[in-house]
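Each of the next two complexes has chain A plus one other chain: chain B in the first, chain C in the second.
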Partner chain A sequence: MNNAQIEIQLIASLVAMACAIPGTFLVLRKMAMISDAISHSILPGIVIGFFITQDLNSPLLLFLAAFTGIITVVLVEYIQKTGLVKEDTAIGLVFPILFSIGVILIAKNANDVHLDIDAVLLGELAFAPFDRLIWFGTDVGPKSLWLVGSILTVTILLLFAFFKELKVSTFDEGLSASLGFSPIIIHYGLMSVSSVTTVGAFEAVGAILVVALMIAPAASAYLLTTNLKKMLILAVVFGVFSAISGYWLAHFLDASIAGSITTMLGLVFLLVYLFAPSKGIIAVTYREKQQRTEVSLLTFLLHLKNHDELEERHVNHLREHINWQKVRAKSVLELALKNNMISIEKNIVSLTKKGDAFTSKAINYIITNEDAQIEDMKDDFFLFRG
Partner chain B sequence: MAKNIAIKVDDLTVAYNYKPVLWDIDLEIPEGVLMAIVGPNGAGKSTLIKSILGILKPIAGSVSIYGKPYHKQRHLVAYVPQKGSVDWDFPTTALDVVMMGTYGALGWIKRPGQKEKKAALEALEKVGMLPFKSRQISQLSGGQQQRIFLARALVQNASIYFMDEPFQGVDATTEIAIINILKELRKEGKTVIVVHHDLQTVPEYFDWVTFLNVKKIATGPVKDIFNDDNLTKTYGINFKVSVQE
Partner chain C sequence: MKIRILTLSLIITLFSCKNEQKENSKLNVVTTTTMITDLVKNIGGEHINLNGLMGSGVDPHLYKASEGDVTKLVNADIIFYNGLHLEGKLVEVFEKMERQNKTQVPLAESLDKSGLIGSEYFASNYDPHVWFNIQYFKQFAKKVAAVLSKKDPKNAASYLENEKRFLAELETLEVKVKATISTLPQEKRILVTAHDAFNYFGKQYNFEVVGLQGLSTATEAGVKDVQRLASFIIEKQIKAVFVESSVPKRTIEALQASVKAKNHEVEIGGTLYSDALGTAATKEGTYIGMFEYNVNTIVNALK
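Let's look at the complex of A and B:
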């Protein structure tokens, strides 16, 4: 690996980290689409900033762009508050207009500025190492590395300082307000960080793909953990993994870096979506199948409990009485036997003591819906896990 | 009988999009009562609580808690929002939610430590939820979630408790557990204000009641004012309370 390659991967990783942190809160606040809006509507801010400074990494440009981001959020909320349209409609109205102002500004001045639509949409990560920061005559690295690094540092500091405030206002706005942590201040704080991060990530991955870096790692992490801190860490890990593996994917395919990173983000999410231990599709399908079996088992046990007549409990007649298909009846019978719920004597099925107690308990739970009594059953049976 | 006034509401008017949902409310809630706010859907019951707590800005009028505005008396007040107002899939545990009750006393930036954790565990114990402390909140039943919310309010160790429909969607056992804790709070001299739906249980649970339907209909001791007349005025239909034999 040469220096430029390392620098590109470093920038991509820092961008991914800086995006994953606000992204996690956006996902939890069900505001994923607002990041899409911000990433597009900051364009006029960037363009105007670039006209003034002629430098994509200047702080003024960053400030102007972030300011446009905040304006987007304010406009969306203002339109939404009129009650005439819903939030998604408001988002769909605001950002294309701001974005197109940026597009027109670029087109009108295309000959004078080194800023083109392709770069804006997809980023120019491959060129990032060419723009160096010179400090007292020494080359200290690519400018965008410093920019993104600073944004990330500030984001992490803010996260550590206001973690508890972010958590409580995200989970329970009403409580947050009553405790004196103004949800409005926290909301706009988060929006500001998201806007600044988006500007920083803009150069690396462009307007379209910033959204993926914000949302995909957080969405993947959400499926894997029930702990906010772990969710943040996982999101960062997924982001960095996708950034680095995406870079190498692009390297071998000789394709767009931004496109490859996003492909990796999509792949990571797909894998998590399929294989996540409790929320993944496979786990859910398996659990549903188990539940079906357990309900069948319970129905069967209840039948035995309710019927003393021998013919109702004869192995060969069970099927007709409960009206099940052969395979299902057999598997349920075996499951009950395996768990010592029933005993079979001379082809007559009867409940064992354990089976009888289990059935009463389960029925009682279903009727009263009280949890305390069946805590110990929960480990053995999916059905009661709510 | 000159009881302290815990909460005083003066000429409070609250509007959504210029449509008043609370209209010129005057209310004095004495210290140490267990009060129900009753009224039909859309009567502004939750709005009243939220306005007292400064969550909603009124277009007119004022609120004071022990003679001072709410933002100066925050430490005296605990609030339990409606259970349905939060996302129970949020990645956090029962203990962590209860810990949130300690955030107010901590103020900005400062983190909860061992002291806060101990207080949260005690509150969990009080509502009988200690065995569930590490459980993810979506894995709790409705009644258990409500107990967690109650524990979160208890941990604030406040003087005034506001609860928005704490009995909604909970089983009978939890309802009794909750009301017993609320009665205990009253015994300790605290003021408890509950948005309540089930008129049948008002005389049994509460000693003070406010009838609300956009305007205040009546407020006072349950034994004096919980009658057919006020119920009819509030709900607009002829009411016969069968519970007071």
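Let's look at the complex of A and C:
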């Protein structure tokens, strides 16, 4: 590994952290798309800032871009409050307008200054180490490392200072207002941080990667925990992991670094989506199957309770009468046996004492419309779940 | 304590990496377009480590860096590139690297600007596709040989010898090309391609060059452009139009279709190499092979 390679991974990791923190709150507030909107609508801010300063690295660009980011949010909320369109529609209306203003400004002036969409919008991570910051004649590292590093520091300081406020206003706006801190101020504070992070990360890594780094790690973390602190930590870990593993993927494939990092982000989300213990697709499918078997079991037990006739309780009869497929009938029967709900004598099924008690209770709950209680009751009666 | 060990090991790895790079005493040379890579390969020969950033078929306007390019650039002693904004944002990166003791040579920038074709579309106001004038490419060769000799004096004799041989080859090419083109009557010398890469070629050999897309391949052709060009083709009774290796076929096929819609026929004369050479192992993978191939394709199709 040479210095440039280390620096790229360092920059990518810092950007990942700086994006994951505001990203977590955006995902929780169901505003993930606003990061995409901001990443486009800050263009006019950058362009106007460039016309004033003639320097793509000027801090004024950051402020103006963050300002247009906030304008985006204000406009989106204004349109949304009219009640005529929904939030996603409002976002879709606002950012293309601002973005196109930026594009037109560039197109109008592209002949005089070297400022095209590529130059403004697409930073290239591969070249970040070559743009050095020279401080009193000594080389102190890549410029974007310092830029992203300072944004991250400010973000972390703000996070620690306002963690409680952010938490309350994210989950309960009413409570937040009654406790005396305005959810509106917190909201715009968060939006400003998101805007500044987006702009700062632009130069370093490019627009698409910024959006991916904001949303994907937070979305993955969201599937794994319901604790805000844990979610923040997980999002940061996922972001940094994708940044570094994505870099090495690019190394072995000799491919675009930003593209590889985005691929890793997608892969991490896919794995979490499939294998997350409670919200993952496999866990959910398993649970649904379990519930289906248990509902069948209950139906079966009710059937037994209602019928004293021997022919209705014959093992082979079950399939015809309740119209189950052979496999399900077998698994339900086995589950009932394992839980000591039934006994089988000469192919005739009868309820045991326990089975009878369970069924009577369940009937009671069904009659009184307290179906939810059945779930709790299962914990008392079942040795094995479906 | 733990942190100290960590920093120490980090420092050690950093330094050990640095030492590895300097072991190889050959000059590390990085080039951008395939034309320049081929040129530097001819002059530098076995005395340099040559790394081209762009592969065959890569459009220099739209080049995207890969991870491997980082290492190539980090280790580079000299960077040869076209300049005149052909490489877009890459040039900014090269210019920033100047401070880090890397020599960067924009070959086209050192040409006599009065001979260059102006352009209102391009930021630099000059058409950067200068390699289609063999005379300019000869100046490229001289410049490369001079820079290499200065940077690596002990192999200077070899570089100058290679320069002499390569200039002679280019001279032969020039004669051949002129002979081939002279078989094509003046009124048939109209070259219609996807983008304006062939202006220098046209100027040198009296072709009227019409491009569909303008200089930068980043802009797309509009419907009006296609219609206007279709009428032009019919009016001038042009037999064939050309596809380029580094530009998608789509636009030129749209042109062909709109000519057909007006009940005329125009062939696709073949694929020309414009902003990049052919694949490395083939004849078109060298500048000379590419030039001959282009000229033969054009002349055969328009005859």
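To be clear about the criterion, the second predicted complex is superposed on the first by the 331 of 386 C-alpha atoms of A that agree within 3 Å, B and C clash if a C-alpha of one lies under 4 Å from a C-alpha of the other, contacts with A are read in each partner's own complex, and residues count from 1 in each chain.
Keep in mind that, in the parts below, contacts are C-beta pairs under 8 Å (C-beta built on N, C-alpha and C of every residue); 3 or more make two chains touch, one makes a residue touch a chain.
Note that the structure is predicted; figures quoted are calculated from it, not measured.
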Original post:
Given the touch rule stated above, what does A:174 touch, chain B (first), chain C (second), both, or neither?
Top reply: first
**OP:** Would you check which partner chain A:311 touches, where first means chain B only, second means chain C only, and both and neither mean what they say?
**Re:** neither
Original post:
Regarding the shared-chain residue A:5, is it in contact with chain B (first), chain C (second), both, or neither?
Top reply: second
Original post:
Taking the superposition as given, does A:130 touch the first partner, chain B, the second, chain C, both, or neither?
Top reply: second
**OP:** Using the superposition on chain A described above, determine whether A:288 touches chain B (first), chain C (second), both, or neither.
**Re:** neither
Subject >> Contacts on chain A seen with chain B and repeated with chain C across the two complexes >> reply: none
**OP:** Write out the stretch or stretches of chain C touching chain A in their complex.
**Re:** 13-14, 17-18, 21, 64-71, 73-75, 85, 88-90, 92-93, 96-97, 99-100, 120, 123, 218
**OP:** Flag every residue of chain A that touches chain C in the complex, lowest number first.
**Re:** 1-6, 8, 110-111, 114, 116, 118-119, 122, 124, 126-127, 129-132, 134, 247, 250-251, 253-257, 260
Original post:
Which of the residues in chain B come into contact with chain A in the complex?
Top reply: 17, 50, 53-55, 71, 74, 77, 79, 81, 85-87, 90-93, 97, 100, 103-104, 106-109, 111-112, 131, 136, 138-139, 141, 143-144, 152, 171, 173
Subject >> Complex contact set, residues of chain A against chain B >> reply: 28, 30, 83, 161-165, 167-168, 170-175, 177-181, 222, 225-228, 230-231, 368-371, 375, 385-386
